[in-house]
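Each chain gets a letter, A, B, C and D, in the order it is written, and its residues are counted from 1.
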Amino acid sequence: MKLANDKVTSLKKAVTSFVRNGCHLSIGGFTINRNPMAAVYEIIRQNITGLHLYVHSNGQGVDELIGAGCVAKIEIAYGGSGKFAATCIRFKKAVQEGTIQVEDYSNYQMTLRFLAGAMGVPFLPTRSSLGTDIIAKWGFPAAMRCAEEKLPDQKLIVMDNPFNGWSGADKVVLVPAITPDVTFIHVQKADRRGNCRMQGLTFADVEQAKAARHLVVTCEELVDDDALRKNSEQNQIPFIHVDAVVHIPYGAYPTACYNHYDYDPVYLKAYAIAAKNDRLFKAYLDSHILTLADQQGLLDLVGSERIERIKADPRTGYAADLDRR
Amino acid sequence: MDYTLREMMTLVAAREIRNEDIVFCGTGISMLAAMAAKNIHAPKCVMFFETGAIDAKLEEIPLAVADSRVMYHTSANGGLLDAFATMQNRITGDLVIGILGAAQIDKFGNLNSTVIGDYFSPTTRFSGSGGGCDVASFVSRSIIFMQHEKRKFVQKLDYMTSPGHLDGPDGRAKAGLSAGGPQLVITNMAMMRFDEDTKEMYLDGCYPGISPATVLEHMQFTVDISRAREIPPPAAHELKILREKCDPQRLIL
Amino acid sequence: MKLANDKVTSLKKAVTSFVRNGCHLSIGGFTINRNPMAAVYEIIRQNITGLHLYVHSNGQGVDELIGAGCVAKIEIAYGGSGKFAATCIRFKKAVQEGTIQVEDYSNYQMTLRFLAGAMGVPFLPTRSSLGTDIIAKWGFPAAMRCAEEKLPDQKLIVMDNPFNGWSGADKVVLVPAITPDVTFIHVQKADRRGNCRMQGLTFADVEQAKAARHLVVTCEELVDDDALRKNSEQNQIPFIHVDAVVHIPYGAYPTACYNHYDYDPVYLKAYAIAAKNDRLFKAYLDSHILTLADQQGLLDLVGSERIERIKADPRTGYAADLDRR
Amino acid sequence: MDYTLREMMTLVAAREIRNEDIVFCGTGISMLAAMAAKNIHAPKCVMFFETGAIDAKLEEIPLAVADSRVMYHTSANGGLLDAFATMQNRITGDLVIGILGAAQIDKFGNLNSTVIGDYFSPTTRFSGSGGGCDVASFVSRSIIFMQHEKRKFVQKLDYMTSPGHLDGPDGRAKAGLSAGGPQLVITNMAMMRFDEDTKEMYLDGCYPGISPATVLEHMQFTVDISRAREIPPPAAHELKILREKCDPQRLIL
């Protein structure tokens, strides 16, 4: 699979093939940028439930998955969508109502956990969080951790530095590796075999991608086989990690995709309003996800005028002078 | 000259930023403070986001640290691993000043940005640490923005997300953290610092028209007010730059 | 220093400022590619001695530093120059004669050690070398390690996986962080403030660079201040890590620099012959390093015809059809 | 058809490489074996170097794994961290077949590429592990190239640089290494495999004209020769491709 020459498929098929009820899922992006939103919407449409979600600072994607009832457990550092929702609204509600279980880490810790998975080591060390409740309080109780084979027995471990204070550190925190069953990321360019090139910030997408058993890449541009072989130091993910490639222009919409489009402030504000109210949110799910066939359906619903407004200015990579108030 | 408390907070923080600082910025007024410093008196200071963006040319205000606006005209567009390593590494980390915010703070500058109430069945859930805990763990100097309210300056945090001085003078060393910790708390009323010996918060100054007694009324714990001075209001040129160059669209102010 | 706007200086000054007798030094590159050779030659000219050298798979640079008598101790994974010297000749000789002390690690371990330094953690874990003499035999004895403040007390530590077999690992090897006093790397492009862009493979240069207390960058092209701020995901090292920038075209010669020039097979073969014989090697040091003023002197000595021959073909990045027999 | 032993070795190794393999290559005949496989019967196999180059288009023979020739027309140009993580990570690592060489080998396929003599005052120093120890530790399958000489097939290694099956069937598991280990030893005389139960080397086959007895004369230890067959010589089309497409300049052959 990982070495196939042509991995291009439909999003429907990619989700059906790799996302099962209760599976361990990770999605790329950061708050309101480069979330794999088309994939999120397809997961919602396929009514996947009981997901165990791993993210660092995710916003829109996480909130919609939780709001749609797909998520049972989440390991996360930050659930927020910038100015549009300082705390993600459906995430907040779900935690307060106890409908999802949360395990809290810091952003660096989550990133190191993905890196550990990508590297094939059981843990990585950091000096972050010593003395805090991130260490003291475990959202997933020890008994549950021991019972679930796909979870490490410990949330993290504080250890004395075995190298006698080397590097000025007396103690370190070891954080356990994550190996998601499947990771979804959205990138600017990919070829049919799965080589990926991201532009702008990569966040922790590379680590999330390489840690996963299966990796589905959605891309703005599906390029010719040789296109990415020039200046290939710009390809952050070689094809050997990739299981499926799906070509979806505006696949990160309503979040941003550097050099292609900005986030849509109109959408994100309307979402925040709907998310605060169960009835409105149900209507939102119906009108914007469940009754639509695919991402193109969403773009049609939103209308070309709004899509035009968020198109990236080629100089800056975002939509300059966009009304974001 | 009229000014809002939000403008005052931003400019008080900006004054603390030096030309030799790498400024770790969050969203909102923390990045605005760095932008103001850069435009007013510290043109060489470097703005730095946990997302991996270094020294962006912010032609517009980013609405999140992952906003594409932080990716334009940078020194490097990396990722989270790069950003946090830069702070954990003492060679570069000691150049960084962090700007943080939280829902609760205690007298040692420890922060809660996770929950109100019991962690396992919270009455209010917040976004969580993000990079806050990492920055607070790694950098030797940080500035904290807070709203001055009794429910926010608490005797005991409901959850300690980010380490300040922990339980006092030896707190960080005992826990295994590097030296340093929070230096400054900037609120909508006042500015607090931490005593060199006790590591407890004390009132460094009040904004014009606000008395130390008023400040204390807005906190669950008492702090030393004997060192309090009046903090000068924003100067006209500071306000002008802040309003016209930093946030002309009033997205944050 | 790290935040200065203009860090451009001469190589002479950079070496004088940052390289002291006995200091802990690291050089970038891999075997016969992108070694910072101009810097190596300047270190030799300045007659620096007693260096403690950290490298992974370095070839030409290491061998010349050792041959010139600059090195007292070396921590290394591989001393070879490809087909030109399966084992570096002066390195081999120095170890056999006991004139340098060696500590052996694997390539991944050395790279992780640089990464640990760059990350500011005391160690990183790997599953490499379990059961081998890399673990059992310490080139630097424990007593020496404990006596020297700049060395960790242990070469490495084998530890049971504290996460109860998580990730399928029962044991891990912890390798200690390296923080060189100074690292030299040679890159394709840099600006005056020190932002760096490498092309082709980066090897472990990024980690070696970010681990060091001081970083000196030599570059093929010194570019305008704004040139690297476009597509800056291609900049592997931002200026905040850099102390000095030196503009030296052909600064990696006689090793290769992708997109600029190839290694010089004539030079490397002649070097291998000279290196095998003490008298010839002394003559080589005199004629090719000590009596020359700088890298330009070496290029002049070699002559433009040979330099012309190794110029990179713009399509492939190396000198196609170069006679390398 | 005439052929050299070096050609034979290269082609014997090439025959072991499948279309579904990521081939970790070193310099010399190991990369030539992969190039031959790719050109003869496994066009989809992926060549991979520890320097971080994946699936290069090798228009010319690289003379080192850091040769700029491995950087041309690749899927990605990364670094050492990427390369070794790909092998240590079981998801991708289990797709990798490693090709290694050494100065000494023992009956369990453990390798020495560091020193001859005492480690602390060696009579001969070699290059050292490089990525050899890493590859041997991580990948589940590997091929080892050796010259068949008594001083190279030894009772006891002077230094164990890279783990084979260590001290036998449970060796790797006891040490904490992942399953797998060397599969095949290819020499200038013969091909050896490792017994499934004992993990000891046995003679799988000899090159045309070479007897099992001759093979044994060139080793310090004895191996089971009962399973030995004659290995077919290079076919004309194999040789033609190897000579004309893979190494026309005879840089390695």
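The rule we apply is simple: a contact is a pair of C-beta atoms (placed from the backbone, for glycine too) under 8 Å apart; a residue touches a chain by one contact, two chains touch by 3 or more.
Keep in mind that what you see is a predicted model, and the values were worked out from it rather than measured.
Asks: Quick check: how many Å separate the C-alpha centres of chain A and chain B?
Replies: 27
Asks: Provide the C-alpha centroid distance between chain A and chain D, rounded to the nearest whole angstrom.
Replies: From the centre of chain A to the centre of chain D is 40 Å.
Asks: Quick check: how many Å separate the C-alpha centres of chain B and chain D?
Replies: The mean C-alpha positions of chain B and chain D differ by 56 Å.
Asks: Take the average of all CA coordinates in chain A, do the same for chain C, and state the distance between these two points in whole angstrom.
Replies: 37
Asks: Identify all positions of chain C at which a residue touches two or more other chains, and write them in rising order.
Replies: Within chain C, the residues that touch at least two other chains are 117, 120-121, 126-127, 169, 172, 179, 200-202, 233.
Asks: Which positions in chain D touch two or more other chains at once?
Replies: Touching at least two other chains: 71, 73, 77-78, 88, 90, 138.
Asks: Drawing the touching chains as a network, do you get a line, a ring, a star, a complete graph or other?
Replies: Looks like something else, not a line, ring, star or complete graph.
Asks: Taking the top-of-page definition of touch, could you list the pairs of chains it picks out?
Replies: A-B, A-C, A-D, B-C, C-D
Asks: Using the touch definition from the top, list the residues of chain B that touch chain A in their complex.
Replies: 27-28, 50-53, 59-60, 62-73, 77-81, 84, 88, 90, 110, 114-115, 119-134, 137-138, 157, 159-163, 166, 171-178, 249-252
Asks: Spell out the residues on chain A that touch chain D in their complex, using ranges where they run on.
Replies: Per the touch definition, chain A meets chain D at residues 2-3, 5, 117-121, 179, 193, 195, 210, 212-213, 226, 228-230, 232-233, 235-241.
Asks: For chain B, which residues are in contact with chain C within the complex?
Replies: 20, 22, 44, 46, 54-55, 57, 71, 73-78, 85-93, 95, 138
Asks: Which stretch or stretches of chain A touch chain C in the complex?
Replies: Spelled out, the residues of chain A in touch with chain C are 116-117, 119-127, 152-154, 157, 159, 161-164, 166-167, 169, 172, 174, 176-177, 179, 198-202, 231, 233-234.
Asks: Taking the touch rule as given, give the residues of chain C at its contact with chain D in the complex, in rising order.
Replies: 29-34, 56-57, 59, 76-84, 86-88, 91-92, 95-96, 98, 102, 104-109, 111-112, 115, 126-134, 136-137, 139, 158, 168-172, 200-207, 256, 258, 262-263, 312, 316-318, 320-321, 324-325
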